[in-house]
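Some structures to go through are shown next.
Each of the two complexes below includes subunit A, the first together with subunit B, the second together with subunit C.
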Partner chain A sequence: MLNKNNKILPFVYLLPTAILLTIFMIIPILYTFYLSFFDWNLIAPTKEFVGLKNYIEVFTDPVNQKVILNTLIYIIFLVILNFVIPYFISLIVKFFISKMQGTYKVLFFIPSLFSLVVGAMIFTWILNPVSGPLAYILKAIGLTMPNWSNSGILAITVICLITNWKVFGYNFILLLTGLGSIPKNIIDAARIDGIPKWRLVWNVILPMNRGIAIYVLILTIVQGLQYVFTPINVITTGGPYYGSSNVIYQTYLNAFVLYKTGTSSALAITTFLIFLILLFLEIKFVESRDKDYV
Partner chain B sequence: MNKKFFRNLSVVLSLLALTFIFAGCSKKSSANEVTKITYWHVNAQTQGGATVDQLVKKFNDTHKNIKVTAKYNPNMYQGLMQNLQSAQASGKVPDIVQVGWAYDNYFASNFKYMTPTDAAKKFDGSNKFIDTNFNKRSLSFAKDSTGKLVGLPYSLSTPVLFINKDILAKYNIDENSLQTCEGVKEASQKINQQSGKYGLYIQEPGDTWAQQALMLSHGADIQKNGKATFASKQGIAAYKYYQDMVNSKLALHTPWAQGMDSFVKGDVAMAFTTIAQASHIKKSASFNAAAIVAPHFKGSKTVVPVGGSMLSITAQDEKQQKAAWEFEKFMYSNDSTVTWSKGTGYLPSTKSALKSADFKDYVKQNPMLQPAVDTLDNAIPWTSFPQKGLQAEQAMIDARDKILSGSNVSSTLKSAQEKINAQQK
Partner chain C sequence: MFKRKVNLWHVLLILIVLMAILPILFMISNSFKTLQDSYSSMLSLIPKNPTIDNFLTLNRQVNLLGLTWNTFLMATIVTLGKLLTGLLTAYAFRSYQFRGKMLIYLLFVATIFVPFTIVMIPNYLVIAKLDLLNNVVGVALPQLCDATGIMIFLKTMEKIPNSLIDAAHIDQIPNRKIFFNIVIPILKPSIVSVGAIFFINSWNEYVWPTLILKDKGSFTLPLALQNYISSEGGTNFPLAMALSTIMIILPLLIYLIFQKYILNSISNSGLK
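Let's look at the complex of A and B:
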């Protein structure tokens, strides 16, 4: 009896979560997959089956190609700004600076408490190329500020900087915590052996912190691409001519502005697959690391 | 026997009494029965939402048998349309909705609605209400591509040219010279040469409303019989003018919020934007700001697409439809229309409200509104293509972005036009 209960109970406990996941994640994903084969305006009673046309469009339409390329640029910028730099600084704070660690944590973390919409609006005001405070300062010293919202690459840079303002502190604390959990005796042993500090970092600390680092890296990419949505929507609406759009914004634009659910779904499924591959990598590296300890 | 008789009698009597009680109840409830309807609008608290609440409260106080609940939908007409889709999917639609002109055809071909003409005939017995309150021009704004009246015009707006009088005075620019686009360009050159400032900003939101006004005011047609025709000689010339101004730094090319910010800070001398910006400009500008009628090209006259929205009845039940019609009539009374106009900065949509002393007084106190009122006579319906209108608008936005980034005007407009027309089958 007890045994039988033990077999069923775990499933009963999981049931609420399973139901929620099915309703809010699995069914919508399957429905999106289904919609990606149709031409539909979100409300008309009839859906026209178009086969793989939407998927072909994802890869052949010049606008989508541009958007996919932008997405890659976003990923590169986000990895540098929200992963490499916080990692570098957390290493410095942990191993090269002994004072004020708490202060840095608090200072860096403050912006992540603000909403991204607020951040985006403040940055648009500060960075207004003609009438913003920064433009006035530059003007005073004889420089003109480039009109960044008219250049795709500059707009992407500004948008990434805004997300950087938001997520930097959070990533910094995650990485710092990871570094703090490295057993101190290993570091001490290395120090006694007289290993130079940079070798200590390169050969001991970085490999030992790999799990957290890869977690933050994946988070930077997957969450970062969603985070940039807000500034894109508030500031550039994807412009100039899709120059600052990415796959997530384009999915939204197709679905809820143009009501092209088919194209949007195909784009969403493609993005989903890309993220799935990233997730697979995360599981492979992070989880395999855990197995090393077992 | 007697006992039985009395028992029967008492049963009959009590049954009768019960019937009376129930009859009384039902009579009472039909007199006091409250029809509940919901009204979906897009006005945030800062954009007239408080006025909407005030009007709804007044209606509820004066109409005891109808209760209107107003629901604010964030993200303007687009947000409302998205919510309406989910409402339709769940089968529980609101009774009255505020529909932006851009969604005219999309709304008409995808949602069930009661046309005002039917409502007037059914509940009033005649078209009198519509005919006395609206002129032909304003009714034309609310028709779909088949010519059917989808709703009643509710808020109207037109683009105007806001000017920084201080800058104009400083560089000796005559206001009258700004009636033409050529004059605006000359003034911009003068300002730019002497101060390095921009002359003009034309609004660049997620639609090409202002750019269409520019083409129309050069004698171009945006569409004719449901086909795009903006890549005409005049349309191309208007966009070339705009591109030239941007390339030579006479006009500022930047997103809307930044452009307006630059105007109110005095870094741009003129702003071509909607009259709905008037209160913002009045509040934020530190200079002497005014508004004039939007400029036209020499040899043409000012023609602008109208902005704003209409009210449509989406109620399915006859009782609700009747209540919704009643509410609409209240909203279009002079008093409500002018109150609404004051709260939102839009222009009233009815003939009599425009002529009312109350509104005229208001315009006197806010002279920026006058050019917008004058422009209404030259306003045409918002461009709405019968098929895939939202994608057509996106094609025009794309063309604008490309042209302002330096693409060839003629070929860009032509390919946008072909793209739109390919979908109009």
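Let's look at the complex of A and C:
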């Protein structure tokens, strides 16, 4: 039974969060929306109203177009590396082996404890095309390591691999937990009927685990695009020629390197609108119906 | 029952373990190698001439104690703030029925979908106005509440039997006491594990601190490490790896101690 009498007290408990969210999230979002209609450089005393110019620039400027295309490539790579592969592995660990599940969980998670700056540093060492250990091994078998930092697509691949190193274990655990909450009698019944394991996974397990899978998938995109910021900034700073920049990094460059707050804000609002579509999908498919306040 | 064949899947899984762990082992090993050895015996995990010179050099070049203190202070403020706001918010949701509850809940979910880029300019301006640039307090201030924490606490609080709270109400125990003397003790395991996760994440944070901390004296460990990485290939890796090794000690220790709780809380955060 919930206490329905007290009208004021719940809001007292909510007050600290409400104040913080208002000052550091709600007002900032509105202010960024406001800034997206102006030309400004973060310092000048006046802002010039330019209407929709910044938004038109988001879609017509060749650099921004390239960055939007890169963002799509990032999304594809991130979904494969940080969602599909951990999902596959969690299915293996849950249904195809019978021992050491706990050990794999503990070990897979370890890289999640470390900063992406550490990850970026280690991988620039491993993948150094001239003097790194991988180049050394490749040379021993007669291959040469490509100079990946000169190619946008290869740089994107490396950057995604670095975030994969960090978030693999985390996503693996979330997906494994989801698989663990599927009632065992359903799986047993299918087993008794002699249905092949992969068939069982495809026809029963995946549909039943859809909620958490969509949650992890959406989080992979929303957080992944932000996670890659660190390796981009540490290793490539968006280069070669914006080849490894994405919409998040470009927003930062415009604001704090090029001092174009208008373009930056328009990019940020555009990103937010896309994330809101993902939020809508999350609420529709994931936030469960059994919560009495949803 | 004699079909004990080796399960080949373990080969794949052990390979993944190696990919996860080996980079860290090599990093630790390299931080005890001389620059020369880091090239000549690159693939060996045991340093040929183990040395702590890299750590001594680091200690001359940067203020290790100051860096660690800045990082620790920032992570502690962020963790305490997130725990307090999270517990209070979850308690309000657990214990009261009020108007707009569903809307407020969805608003919290929505905060997870707010890209940091949309708040970074205004928040930067606010922190600058408060004269908190180059101060870890300025880094911590905008991130004192966290939706994931609220959700994990809410899930744990929902398991507290209503009869317990009702009994306390009947005994006329004031709400404040119910919160501090009944709810908080029951939640101790999840407070510890969520706190550990908050602390580790904040300890490792990079993006927002780079905007606020420009002065080297105010740097946190990840920012200092970035200064040792050069994209042109001139990085002194043993040195950078020594700094990284220092950086990972605390998160690793926390994980060793609270591993079971931490993994449980992460599982909980995903249970929908």
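The rule we apply is simple: the second predicted complex is superposed on the first by the 282 of 294 C-alpha atoms of A that agree within 3 Å, B and C clash if a C-alpha of one lies under 4 Å from a C-alpha of the other, contacts with A are read in each partner's own complex, and residues count from 1 in each chain.
Keep this in mind: a residue touches a chain if its C-beta (ideal position, glycine included) is under 8 Å from a C-beta of that chain, and two chains touch if they have at least 3 such contacts.
Because the structure is predicted, anything quoted here is derived from the model rather than measured.
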Clash-or-fit label for the pair subunit B, subunit C on subunit A: clash
Which superposed partner A:Leu42 touches (first subunit B, second subunit C, both, neither): both
Which superposed partner A:Phe114 touches (first subunit B, second subunit C, both, neither): second
First, second, both or neither for A:Asp188, with subunit B first and subunit C second: neither
First, second, both or neither for A:Tyr241, with subunit B first and subunit C second: first
Touching partner for A:Tyr31 - first (subunit B), second (subunit C), both, neither: second
Greater subunit A contact set [subunit C / subunit B]: C
First (subunit B), second (subunit C), both or neither touched by A:Asp61: neither
First, second, both or neither for A:Glu282, with subunit B first and subunit C second: second
Residues of subunit A that lie at the interface with subunit B and also at the interface with subunit C: 42, 121, 124-125, 128, 130-131, 149, 235-237, 256
Subunit B residues within the subunit A interface of the complex: 78, 82, 85, 88-89, 106, 110-111, 198, 206, 252-255, 257-258, 261-262, 265, 267-268, 390-391, 394, 398, 401-402, 404-405
Complex interface listing, subunit C residues touching subunit A: 7, 9-10, 12-13, 16-17, 19-21, 23-24, 26-27, 30, 39, 42-43, 84-86, 88-89, 91-93, 95-98, 101-102, 104-107, 109-126, 141-145, 150, 162, 166, 169, 175, 200, 203-207, 210-211, 221-222, 225-226, 228-229, 231, 233, 235, 237, 240-241, 244, 247-248, 251-252, 254-255, 259, 263, 266-267, 269-272
Subunit A - residues contacting subunit B, complex: 41-44, 121, 124-125, 128-131, 147, 149-150, 235-237, 239-242, 256-260
Complex contacts: residues of subunit A adjacent to subunit C: 1-4, 6-7, 9-11, 13-14, 16-17, 20-21, 23-25, 27-29, 31-32, 35, 42, 89, 92-93, 96-98, 100, 104-111, 113-126, 128, 130-131, 133, 136-137, 149, 165, 168-170, 173-178, 181, 211-212, 215-216, 219, 222, 225-226, 229-230, 233-237, 248, 251-252, 255-256, 261, 264-265, 267-269, 271-272, 275-276, 278-279, 282-283, 286-288, 291, 293-294
